[in-house]
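After this come two complexes, each holding subunit A, first together with subunit B and then together with subunit C.
This part shows the complex of A and B:
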């Protein structure tokens, strides 16, 4: 009987802990991608990623594709209309969990992390892993992440005459400042 | 013969100049000019929920939209500024409007709680589909915004 009580108590603590894990959402952030070939290097930046993480290691970000800003208008038009088909797939999204360190718990200070989850770009979902850094102070969490994706994995076709200008491997840099999620009311 | 050569040369020169102009044309920083739509956030969100995604996106995404709301939070930065608006509809809707730093002088006149009218490029709406989503709000995003008097 005592044994069952202990199990019940532990289960209650686990579920209460899970239910009350603190969620942090971004107040500022950017996501930047870089394409680099022997002939051309270019980047685009997006200042509107919505990023969230929970204190027990769940991570999510959602990015409006049309918010990527390029230096050249023509590049932006091609990116939105021809490659990303943003009117069909207006958002890219990642949902995952911190797998390293094991049993991640958000704590003050800097932690190197590995995240595993599902990335959806251009209507295609794919499992990815990424490394990053999470730095927590009393009132905020700063998140950095870097990872590569292959355009071919997401059925983003580069026309043959642009193969020298656009790399199939795109490096993505994410940076976000998060604060405890607050209610609007 | 000489005349034909000259015409071809002029056509080629025009094509090169046009090509270079299009290639080097910088991205616009502000959605100025005439708005394509004047619509309330409530109406936009309701249409986004009720209409087929591709029809909704074809109609509104990348278009210039004028809308109003109360400023919920304000963040003025050197590379990008953003205000979040409370559309006075539902607590699960967040409206994010980003501004080029060239608009900071207008933003500095605003404080949280003010009612503002914005004109922006509409980048889309994201509606959470999974009850486990950490991002549980409907997020409406705009960029290249200006404050309209």
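This part shows the complex of A and C:
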């Protein structure tokens, strides 16, 4: 009985170890999106995303919508005020898990990954998949990701007049440099 | 006893792992970021009064303002539609928070140039450590044309200074008040007999209430507090409509003038006897300097 207990205890400690996997958070990063129609192409960039991942394959990022910058200020105004309603929905957020490769473990070198998770934009939650690469060196992790979203999935309506200027499919590129998260004590 | 502790540990551990799998949060709750509160008005004007907005750096705003004659001119004058008062103006954001404007207008045959500088001193922010936006505005008007040749340079000029304090109370409602000082050459064509240069205090009050995400109703009232003479206070009701790159402002107002010296000091008609007119402002912005993304 005592032996059995010890095995249980050891197993328990092992699992605690697994649960407390190393977390990496971003020191710098950017999110860029592109809208392309036959008539107009434009992009916007945000240099203030918070990105994090754990060594066992959890990925999360949060973007202050307020911080997207456009070449044309008027577009920025319309984006914030009319489309994203950033004062009501200040953040966009994604939380997901790496599903490919199976049983992902962060290791030195470059890995192609596929992430599945929940995206929240404009107050609307939707499951999405994204592909990307994760490159680990000794002290940092470089993350790239690409995915498309449909504005109509997130209740972002394009007025009829602007249907030629704004694409319903928006391509998003994420880029971040992560470092091991320091414990707070 | 030991066994109980171990079982409890294993049990807790299972719960903990379960929690990890369902909803994780690697970022945790970050401190709420503080942002500037933007877009209190659709454009730099309420109706006649300057709003809390400033043309962004590198952006050129072409402004056309147009006022018809007053409705009480009657059917012969097509209820004012035969008359046209126009100001063409350009506004440009020189640096962040500072814009310049120059314009030319023609009020009842009275030609003039005007210019102003508008600077945002404080901007309201989301945690209310700055609860209001504060703007300083200073400008001048100069009367052109031989009809004013007999006047001194001083008497052809008007100056004004204004502080605009306002707040975006909700997504839809913004209110501002604007204490204003003017030193003014009274305009004889508008206001009757010539009066020499005088100082005036006035206070502008403006608000906008959105009715849809892209349109709003605007109100403004500008009582003159000192040396009012025989003019009336400017009162306007307007509607903003935003369509793509343009903002259209339609209004009913008793002021025919199109810059501060005219509509604050020289409003000579009143709402009481339908001395009101239709008008519109048109704003079209162009990006001159593209920021590096």
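The rule we apply is simple: the second predicted complex is superposed on the first by the 170 of 185 C-alpha atoms of A that agree within 3 Å, B and C clash if a C-alpha of one lies under 4 Å from a C-alpha of the other, contacts with A are read in each partner's own complex, and residues count from 1 in each chain.
As a convention for this text, a residue touches a chain if its C-beta (ideal position, glycine included) is under 8 Å from a C-beta of that chain, and two chains touch if they have at least 3 such contacts.
Predicted model only: the values in this text are computed from it and were never measured.
> Could you classify subunit B and subunit C on subunit A, in the superposed arrangement, as clash or fit?
By the criteria stated at the top, subunit C and subunit B clash after superposition.
> With both complexes overlaid on chain A, does A:27 touch subunit B (first), subunit C (second), both or neither?
After superposition on chain A, A:27 lies in contact with subunit B alone.
> Regarding the shared-chain residue A:84, is it in contact with subunit B (first), subunit C (second), both, or neither?
In the superposed model, A:84 contacts neither subunit B nor subunit C.
> Quick check on the superposed pair: does A:73 touch subunit B, subunit C, both, or neither? Answer first, second, both or neither.
Touch status of A:73: both partners.
> On the A-aligned overlay, A:119 touches which partner chain: subunit B = first, subunit C = second, or both, or neither?
After superposition on chain A, A:119 lies in contact with neither partner.
> Once the shared chain is lined up, is A:172 touching subunit B (first), subunit C (second), both, or neither of them?
Neither partner.
> Quick one: classify A:143 as touching subunit B (first), subunit C (second), both or neither.
neither
> For A:151, select first, second, both or neither according to whether it touches subunit B, subunit C, the two together, or no partner.
In the superposition, A:151 contacts neither subunit B nor subunit C.
> After the overlay on chain A, which stretch of subunit B ends up in the same space as subunit C: 59-67, 77-85 or 95-103?
59-67
> Jot down the residues of subunit A that show up as touching in both complexes, subunit B in one and subunit C in the other.
Overlap of subunit B and subunit C footprints on subunit A: residues 23, 25, 50, 52-54, 58, 60-62, 64, 66, 69-74, 80, 87-88, 90, 95.
> Inside the complex, what are the residues of subunit C that reach subunit A?
2-3, 6-7, 9-10, 13, 16-17, 20, 23-27, 30, 33, 35, 37-39, 56, 58-59, 126, 171, 213-214, 243-245, 285, 287, 290-291, 293
> Could you please specify the touching residues of subunit A with respect to subunit B in the complex?
Where subunit A meets subunit B, its residues are 23, 25, 27-28, 30, 47-48, 50, 52-54, 58-62, 64-67, 69-74, 76, 80, 86-88, 90-91, 93, 95, 183-185.
> Going by the contact rule at the top, pick out the subunit B residues touching subunit A in the complex.
22-28, 53-54, 57-58, 61-62, 72-73, 75, 77, 79-80, 82, 86, 91, 94, 96, 98, 121, 123-126, 130, 133-135, 139, 141, 143
> Would you pull the subunit A residues touching subunit C in the complex into a rising list?
1, 5, 8-9, 11-12, 15-16, 18-19, 23, 25, 32, 43-45, 50, 52-54, 58, 60-62, 64, 66, 69-74, 77, 80-82, 85, 87-88, 90, 95, 161-162
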